[in-house]
Amino acid sequence: MRAENYEPKQHPPSHEYELNFGPNHPGIEGNYALKVKLHGDTVVSARADAGYLHRGFEKLMEQRLWIQNIALVPRICVPDPSPMEVAYSMAVEQLCGLDVPERAQWLRVMQLEMSRITAHLFYFGGHAATTGMYNPMFWGVADRDLVLDLFEELTGGRVYCIYNMPGGVRRDIPEGFLDRLSRLLDYLESRLPEYDNLFFTNHVLINRAKGTGQMSQHQALEWAVTGPNLRATGLQCDVRRDDPYLVYDELEFDIPVEQGGDALARTLVRRSELQQSIRILRQIIQRLPSIKGPIRAPIPNPLAWNVPAGEAYVRLESSKGELGWYVVSNGGQKPYRVHVRGPSSMHAVQVLENLAKGSRLEDVAQIMFSLDACPPEVDR
Amino acid sequence: MKEFPVPVQTAEDPSVKKQSGNIFSNVFDELVRFAQSRSLFMLHYCTGCGAIELPPAMTSRFDMERLGIQPMVTPRQADILLITGYVSVKTLKRVILTYEQMNAPKYVIGICSCTVNGGMYWQSYATAKKLNDYMPVDLYIAGCMPRPEAVISGLRQLMEKIKIGEANSWQDYFKRYDYYLGNQQRLFGETWQTPTDIIGESKHYSLHTPETEGEHTRLLELHQRPLEPLEMRLGLSEKTEDR
Amino acid sequence: MHIGLGELLIELTLMPLVAFIVGMLMVLMMRRVGARLQRRVGPPFFQPLYDIIKLHSKETQISHGLIHDIGIIMAVGGYIAAETLLPVPGMNGIAEKGGLITLLYVMMIPSLGLALGVGQCANPNGSIGISRALTAMLAYDIPFVIVMAGVAFIYGTTNLVEVINIQQEGGIAAWGAVQMPFMALAGLFALQGMLGKQPFEVYVAPAEIATGPMVEMGGKYLGGLFVMQCFQLYTASVLYVTLFLGGGENWLFLLLKAFAVLLIPISIAFLFPRFKTDDLVRLMWKWPVLLGLIGLVLINYR
Amino acid sequence: MNALDLLLLTSLGTVLFSVVFSASLTGRMLLTMLYAVQTVILFQIDAGTEMVSSFGFEIFNHALGLSFNGLSWFFALITLGSAFFAAWYGLNQQQKLLHVGLSANVFSMLVLLSAGDFLSLFIAWELVSWSGVLLMVLGKQESLVATLKYITYAIAGGMAVFAGIILIYSWTGSLAFNAVTENPLSLSQYGTLAILLIGGFSVKMALLPFHLWQAEAYALTSGPASVFLGAISARMGLFAIVITMMHVVDLKTLDSIFLIPELFTFRDFLIWVAALSIILPTYTALRQNDARLLLAWHGIGQGGYMMLGLLMYDQMGSAGGLLHVFNYASCQAILFMSVFSILHRTGTTNLNQLGGLVARMPLSFLAMLVGIIGLAGLPPMNGFVSKWLVYRSLLSDGMAIVFLASVIGTLGTILSVYKLMHNSFLGQLRVEHEHVKEAPWSMTVPMMLLAIIIFITGVMPGISLELVANAQSAIGLTPVDYHLGGVVSANSAISGDLDMIWVVLVLFSGFGIAAILFLSAGKSRRVHQLDNYAGGHFLNANNQYQYSDNFYAGLMHIIKPWYRYSFKWFEGAVVSFVNLAAVFSRSFFNQAHMLIWMLVVVTTVMAVAII
Amino acid sequence: MEKPIHMEYLLNELANIKVRNERQRRMRLDVPSKELPAVLELLKGRAGFMHLSAISCVDWIDENQFELVYHLWSNQVSTLVSAHTRIERDPGVYLSVYDLYKPAAFWERDIHEMYGVFFEGSPDMEKFILTEWDGPPPMRKEFDSEAWVNDHFDWQNYRPDWLQEIEQEGGGIAILPDEQRFSRKAEE
C-alpha cells in the first residue's frame, strides 16, 4: 500500500459504502476478495479481486520436466485436486499417443469419483456455514476425512494424491481396498438421511437459499457456467456424458438436474451427484476385479523425455464444472505452454459479480459458496 | 514435523523473568500464561493450500476445541496467525497488515514447506520464500501439506512454549522493526506503509530499542503520512461566527 | 422484608459474582452441547475462564477512542447492575426498588453501551451489526412486552420478588407456565431472540459482516463481551425461570431450572441456519405475537 | 401588585427590551438574564395555591381575569427555562427577529398559562399561534413554506376553538371557566365541544392527524428558535387540552360518549389517537436523514406519551404525562442544541454526510448522549421516570395493547436516536471535518447545564415530581405519592415501586466495577481510524467506510410499504378540497355578486375548520 | 468420427482456413487473424458453438508471434473446435470477441496481464490477478522468473549452528555450501 493512499481527498458524497469480502473474511472461499459497494443492505456492485493465491503455475510448468509437473498440478485446485492430475496426464498421453491400459482408466475414474465425493461433502459444510449452521460443516468434513483415509491408503497422499502419471497410475489398489471402499459407501449412504434432516430439508435453509443468486438457463449459458451450477438451471449437460473420457461411457449413471437455478438448486444437484458418484463407485467395485492387465503404459526415461510437438485440449468434469487443460509441446523436455481452464474462472468472477449485483448483503457469501467457486483455479 | 531455528533474539531470558517479583505475582504470571496457552484463538485466514487441512483439524475428527483452540474472524480477536502455505506477494502485504493489527501476545505459525523456503514454488515470481524475513515466526510445521495431526501437534508445542513463557517472538517485531521493515521495503518498494504505527506502539508498550528505528524507518518517515490517532479535541473558541 | 445495609451490600456484591460464575458454566454448557451435537469432545471445564483471563491479559490492545472504552464498561457494568435487580433464592438485592420494567430497561443499557463502543470503531461491519441487533431487539421485544403485560396482569405486580412469592406459595399450579402456557411459549421465542442464537443470530453473522459488533474488539474489549455473554445467558434464563417456572425454591432448583430452560434455545441454535433480518422480524411479529395475544385474551377472560 | 403581575410585566418588558437592544451582544446577555429574572419571579409565586392577577378588564360585560395555579406554574417554569437556555444558546445569533420572537413567545405563553376564562384563553391562544410564526421564519426558503403550512393549520385550529367557545357562550351565556360545569349540557353538546376544542387545540399539540405541519416548521428554522419551539411550544396545546378536560368535558363525560355503542367511547378514541401519535411519527422519524427533522418528528411522537398519561387520568398516569412534559422539554432542548452545534460547525445536518465527530466535538456528543438516553427513556436519565409512570398506569388500567403500542414507540425511539448519534458522532470522521472545532462556550455551557438537570432529575425525580404533584392537585387529582428517589404505588391495581437513587447507585457501582476490571487489564493504545479491519484490505482515506444511509435496511424491507399509509393523504384531501372550493368561488366571482362570494368563502373556511 | 455434414458446408464457405480433424470430437482450425471473428460468429450462429471454453495464448518468441487459441464447444455437433490464429508480438493488439462470447472478457483480461496483448473492445482491461505487480507481463517467454526471484528474495538459512558444528567435526555433506543454490543468498 502506497503512502499517497493515505492522503485525504474529499469523501464522495455518495450514499453508498464499501465492504470488502475477503481475503480475511469467513464469507469468502479461500483467499479471495470481493469488493462490494452497498446501499443499505443491497449490493450496488461487486468486483472480484483475485491474485492472492497466484503462484504462476503456468510459468512454473514451463520450467520443469514433463514428469516433474505431475507433483505440481494437483495444487491448482485445493478442495478437488485429483481431476487436475488426471487431466494433465491425459493431455500428455494425447501428445505422445500413449494408450492407457484399461485398468488404469478404471482406477482413474475411481479416484475422480472419490474426489468428487470429498469435494461435495466439503461444499455442503461450506454452504451451511455461510448461513450460520455449522453442524453440516463438522459432519461433512469429518465424513470427508474417511474418504481421505482411503486416498492415503491408495496413494500415500491425503489431499494431493499425485497418483497419476502419463501412461497410467502409479500403484494398484492394496489388498482389501475395495471392501473398505464399499463399506465407506454404505456408511455415506446411511448418513445421507441425517444430512437431509439437518440440512437439505431444513426450512430455514430453504427459506434462505431459495431464490438466492438465481440465474436463468439463458444467463448460465451466456456466462459459460458449467457443471453442477449449469445443471441446477435445468440443463442436462455433463462432460462425462457429452464428451466421454476414460471409461465413463461404460458406466451407468444419471445426470441429476434441478430447475431452480438458485442456491438451493445448486445444493440439491450436488446432493444427487453424491449419490450418483456412490453409484459409479459401486459399479467400479463390481467391475474392477475382472479387469486385468497393467496399470501403466511404458514410458521413456522420464528425466530425458522429449514429448512430440503438438497440442492437446483435454476436458473433463471436475466437481465444480468443466475443467480444460491446453498443453502445447514444441518437442522439448518441458512443456512449451500449459493453460488451465478452471471452471471457477467463470464462476468466481463474472458469474459471481453478476449474481451478487442487486442481491442482499446476507446473500453474498451464500452465492459464492453455492457456486462452489474455487479461488486457486482462478489465480493459478 | 520439524521445528526450524528462527532468527529471533528474545531480549530477556525467560528464566530470569520468572524469578523476578514476589511469589504472588509469580503465581499470577503462571496462571496468566497457563490461561494464555489454553485459550488460543486462531485467525480465520486461508492464505494458501494448507488451509484445507485446518477444517479436519477443527472439526469432529480431531476437534481442536478440546485444546481451547477456536477460529476467530478478525485480526483483533485472534492470537495465532496461521500462514497456511505459500504466501503470494499480494497476500503477504495483507498478512503483514493482519499481523500488525493483532493484539500481542500473538503467534505466527508457518504451516507447509512453502513458508520455510518457498517449497515447490521456489522459482515462482509471485510467492514469498522465507516468511521469517517479514515477521517473526514462532513455529514452522513443515510438510506438504502437514496432516491435521501434525498441525495439532505443532499447536501443542506452541502451547508448551507459551506455558513456559518462551513464545515471545512478537516482541521481536517491535524491537527489531527496522530489520523487518527493510525486508518488506525490499519486496514492496520504498513507499510501502501500513496504517499501523509500530514505532509509536513500541514506545507505548516500552518495547522500543535502538534497533526499532534505523535507515528503513527513516525512509518510512520520509514517505509516510503520519496516521495519528484521532484524539478527542476540545478546541473551544468564542468566535462569533454566524453562518 | 427489611434487611440491614451491611447485609444488602453483601447481597449486592454476591449477586453479580454468582451470576458471573453460573454464567460461565452456562457458556461452557452451550459449547459442550454444541460440541456433542457436532460429535466432538468440546472444550475443557475451565475454558470460559481461560478465555476471559487470556483476553484480559493481552499485552497490546487497541482502542478506537474513549467511547470505545466507555462502551465496554457500560456493557459489563449494566449487566452487573441488572443482576442485582433479579432476585435469586435468599437474595433480593434491590429487586423491590426497581421491578420488572426497570430490569428490562437496565438490560438495555449494555446494548446501548455496546452500540456506542462499536459505533466509535468506525467499521461499517460493526455498524451493520448494531443496526441488525437493534432491529432484532425491536422484533423480539414486542412479544416480550406482551409477555410482560401478561405477567403483570396475572400476578398483579411488577415486583419480581412478589412474582416469585406468589408462584411458590401456589405450588406448580401457580407457575406462570401453567397459568399462561401461551405466554410461556411466546416467551421462549423472545428468549431465543434475546440470546441472539440461530436462527436469530443476525447480528454476529460471521460470513456476512465478520462478527458484526465484535469486529474491532480484541483483548479486554472482547473479554468484556465474553463476560457480558456470561451475564446475558444467566439473566435471560433466570428471568424466564422467575416469570414462568416459579423462580428458585433454593439454589439447586433455580440452577436446574435455569440450565434446563437454557438447553432449549441452545439445542435449537445448533440445528438451524440464521434468518435474514427481515425474515426474523416477520417471524417474531407473527407467531410469538399471536401466541402472546391469545395468552392475553385468555388472561382477560379467565 | 402581586408576583404574577410582576411576572407578566417583566415578560412584557423583556419583549420591549429585546426590540431595542437585541442587536448587541451585551443586550443579548442582559436579555438572557431577564429570563432568569422572570424565573426568579416565578418562584415567588406559590405553586400550591391559585393566584389571581390584578390585571383584568371587561369586554362585552365579561370580566377577563388572569390567574395562576399549579398547572400554569409547572408549564410556566418549563417555558421560562426553555427560553432561558435558548436565549443563552443563541447569544451569538444576531438575528433580531429571533430574540424578539423568543420574548414575544414567552410573553404570550405566560398570558395563555394565566388565562382565567375562555375568551382570554382564546385571545392568548391566538397570540401564541401568531408569535410562533416569528420564530419559524428564521430559516431559509424551506422554513417559509413550512411556516405557511403552519399558518394554515393554526387558522383552522383557531377557528375550531373559536367555534367551540362561541358554542359554549351560546349554550351557557358565560365565558367563565366554570360556565359548563355549572350548566350541564347534553351529551351531543359535549361531543361537539370536545371535537371542536380538543380538535382545535390538538393542532398545536400535533396529535394525529394534524401533525404534518410540525416537523418542518420547528426544525428548519434557526437553532435557538428550534430549541425553544421543540421544547415547549407544542405543549401549549396540551395545556389547553388539560384546561378543556378540566372545565368543559371531563373524562367521565368523554367516557360516556360512545362512538361505537357499548364498545368504543370518545376517550378510547383519544387514547388510540395518542397511541398512534406515538407510533407513526416515531417511525417517520426513523426514516429521516436530516438530524433536525428526525428530532422534530420525535417531538410529535413524544407528545403522544403526555397525552396518553393524561388520558389515564389517574395518579400515576397523569403524573407521568405531566412529568414527561418537563423531561421531554429538557431532552429535546439539549438534542436540538447538540444538533445545531453540529450545524454551526460543519454546515450540515444531513446524517449521510456526517460521522465521527465525537473526536472533534466531545461536549456536544456528551450532550447528545444524555439527551438520547433521556429521550429513549433509559435509566439513569429523567425520561425513564416519566415513561415508567405512564407504563405502570397503563398496566394498572389493563390496557395491554396500548401499553404495547407505547413500548413499540419507545423501541422506535431507541432505534432512531441511535441512528442519529451513530451517523453524526460515531463512525468514520469525514476528511472535510478533520479540523472541525467544538462549538463555542455560549453553546456548550447551556448544553452542559441541561445535561446536569436531566441527570439530577433522573436520579432524584422527587424534585420534579413535587412540581407535578402541585399541578395534579390544581387539576383536581390526587397527587402522586412520591419521594426523592421515585414513587410508591401502594394503592394502584398493580403494585411495584421505583427508587431511582438505588437503581442509579447500583448502576454506577456496576460501571465502577466494570471500569476497575477494564482498567486493570493492561493498557491499550489509540489507533487511527484507518487502522481498521477491512477484510484484510488496506483502507485509504478516500474510502466511504461508514454505514449511514438506510441505516435499518433489514427493518425497512418490512415496514417500508407501510409508510404509504402515512397521513399525507389526509393533508392532500384537505388541500384538494380547498382547491376545489377556490375554483368554485372563482366561477362564482366571475358571475355572481360579491356577497355570495364572501358567503362561500366563509362557509368554506368554516367547513375546513370543522374538519 | 466424421465431421457432421453441415459443418463441412459451413467450413467450405470460408476461404483461408485449414481444418484438421485431430482426434475424436476435436477439430483444429487455423484462421488468419482478420477472419477469426467472422469464423467465430459463423460457428456460433450456424453450428451452435455457444460455449467458449477458454482462450489460450501461446508465446512463439522465435517467430515473434502470439498464438491465440479459441476453444469452442458445441453440444449440437458434439465437437470441440480449437480456432488458432496468430498475431504479431509487436504491438500485440487484437480484437475482442466479447460481443460474441461474454466469457471472453475474463480470458482477454487474463491474457492482457499475463502477456500484454491488448484486446480492443473488451469491457475491462484492468489488472486482475497481478494488481500489485510492477514488472513485465510474466508469462512472456523473455521474462526470467528465476532471476527475478533471486533478485528479490532471500533463501532460508540452511546451515544452522548445529549443522555447522557437525561440519566442523568433519561430518555433513560433500557439496560445499556455496554451491548449494539455497545457501547462496544466506551466505552473502
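In this document, chain identifiers A, B, C, D and E correspond to the written order of the chains, with residue numbering beginning at 1 in each.
Just so we're on the same page, contacts are C-beta pairs under 8 Å (C-beta built on N, C-alpha and C of every residue); 3 or more make two chains touch, one makes a residue touch a chain.
On a predicted model such as this, the values are computed, not experimentally measured, just so you know.
Counting C-beta pairs in contact, which chain pair ranks first?
The chain pair sharing the largest number of C-beta contacts is C-D.
Which chain has its C-alpha centre farthest away from the C-alpha centre of chain D?
Relative to chain D, the chain with the farthest C-alpha centre is E.
So which chain ends up in the middle if you average the CA atoms?
Centre-most chain by C-alpha means: C.
Centroid of chain D to centroid of chain E, CA atoms only: how many Å?
The mean C-alpha positions of chain D and chain E differ by 72 Å.
Can you compute the centre-to-centre distance for chain B and chain C, using the mean CA position of each chain? Integer Å is fine.
Each chain's C-alpha centroid was found; their separation is 36 Å.
Between chain A and chain D, what distance separates the C-alpha centroids? Give it in angstrom.
Going by mean C-alpha positions, chain A sits 64 Å from chain D.
I'd like to verify one number: the distance from the centre of chain B to the centre of chain D, where each centre is the average of its C-alpha atoms, in whole angstrom.
56
Specify, in ascending order, the residues of chain E that touch 2 or more different other chains.
Residues 131-132, 138, 143, 145-146 of chain E touch two or more partner chains.
Two or more other chains touching the same residue: where does that happen in chain D?
Expected reply: 356, 358-359, 362, 429, 523, 525-527, 529-538, 545-548, 553-554.
Using the touch rule from the top of the page, what residues of chain B touch 2 or more other chains?
Within chain B, the residues that touch at least two other chains are 44-45, 59-60, 73-76, 90, 93-94, 97-98, 101, 123-126, 189, 194-195, 201, 205, 227, 229-230, 232.
Can you list every touching chain pair?
Per the contact definition above, the touching pairs are A-B, A-C, A-D, A-E, B-C, B-D, B-E, C-D.
In their shared complex, at which residues does chain E touch chain A?
23, 25-26, 28, 50-54, 56-59, 69, 71, 73, 75, 78, 80, 82, 101-103, 105-107, 110, 114, 128-132, 138-139, 143, 145-146
Show me the residue ranges of chain A that touch chain D in the complex, using the header's touch definition.
Contact set of chain A toward chain D: 1, 5-25, 28, 33, 35, 39-42.
Which stretch or stretches of chain A touch chain E in the complex?
Its residues touching chain E are 48-51, 54, 56, 58-60, 63, 94, 221-224, 226, 237, 242-243, 311, 313, 315, 322, 324, 326, 328, 336-337, 339, 341, 345-346, 349-350, 378-379.
If you look only at chain A, which of its residues touch chain B in the complex?
Touch residues, chain A against chain B: 1-4, 6-7, 23-26, 30-31, 51-56, 59-60, 63, 71-72, 75, 78-79, 122, 125, 137-139, 141-142, 144-145, 148, 158-160, 376, 379.
Where on chain C is chain D touching in the complex?
Going by the criterion above, the answer is residues 12, 16, 56-67, 69, 72-82, 84-85, 93-94, 96-102, 105-106, 108-109, 112, 115-116, 119-125, 127-128, 130-132, 134-135, 137-138, 141-142, 145-146, 149-150, 152-153, 156-159, 162, 202, 210, 215-216, 219-221, 223-224, 227, 276-278, 280-282, 296, 300.
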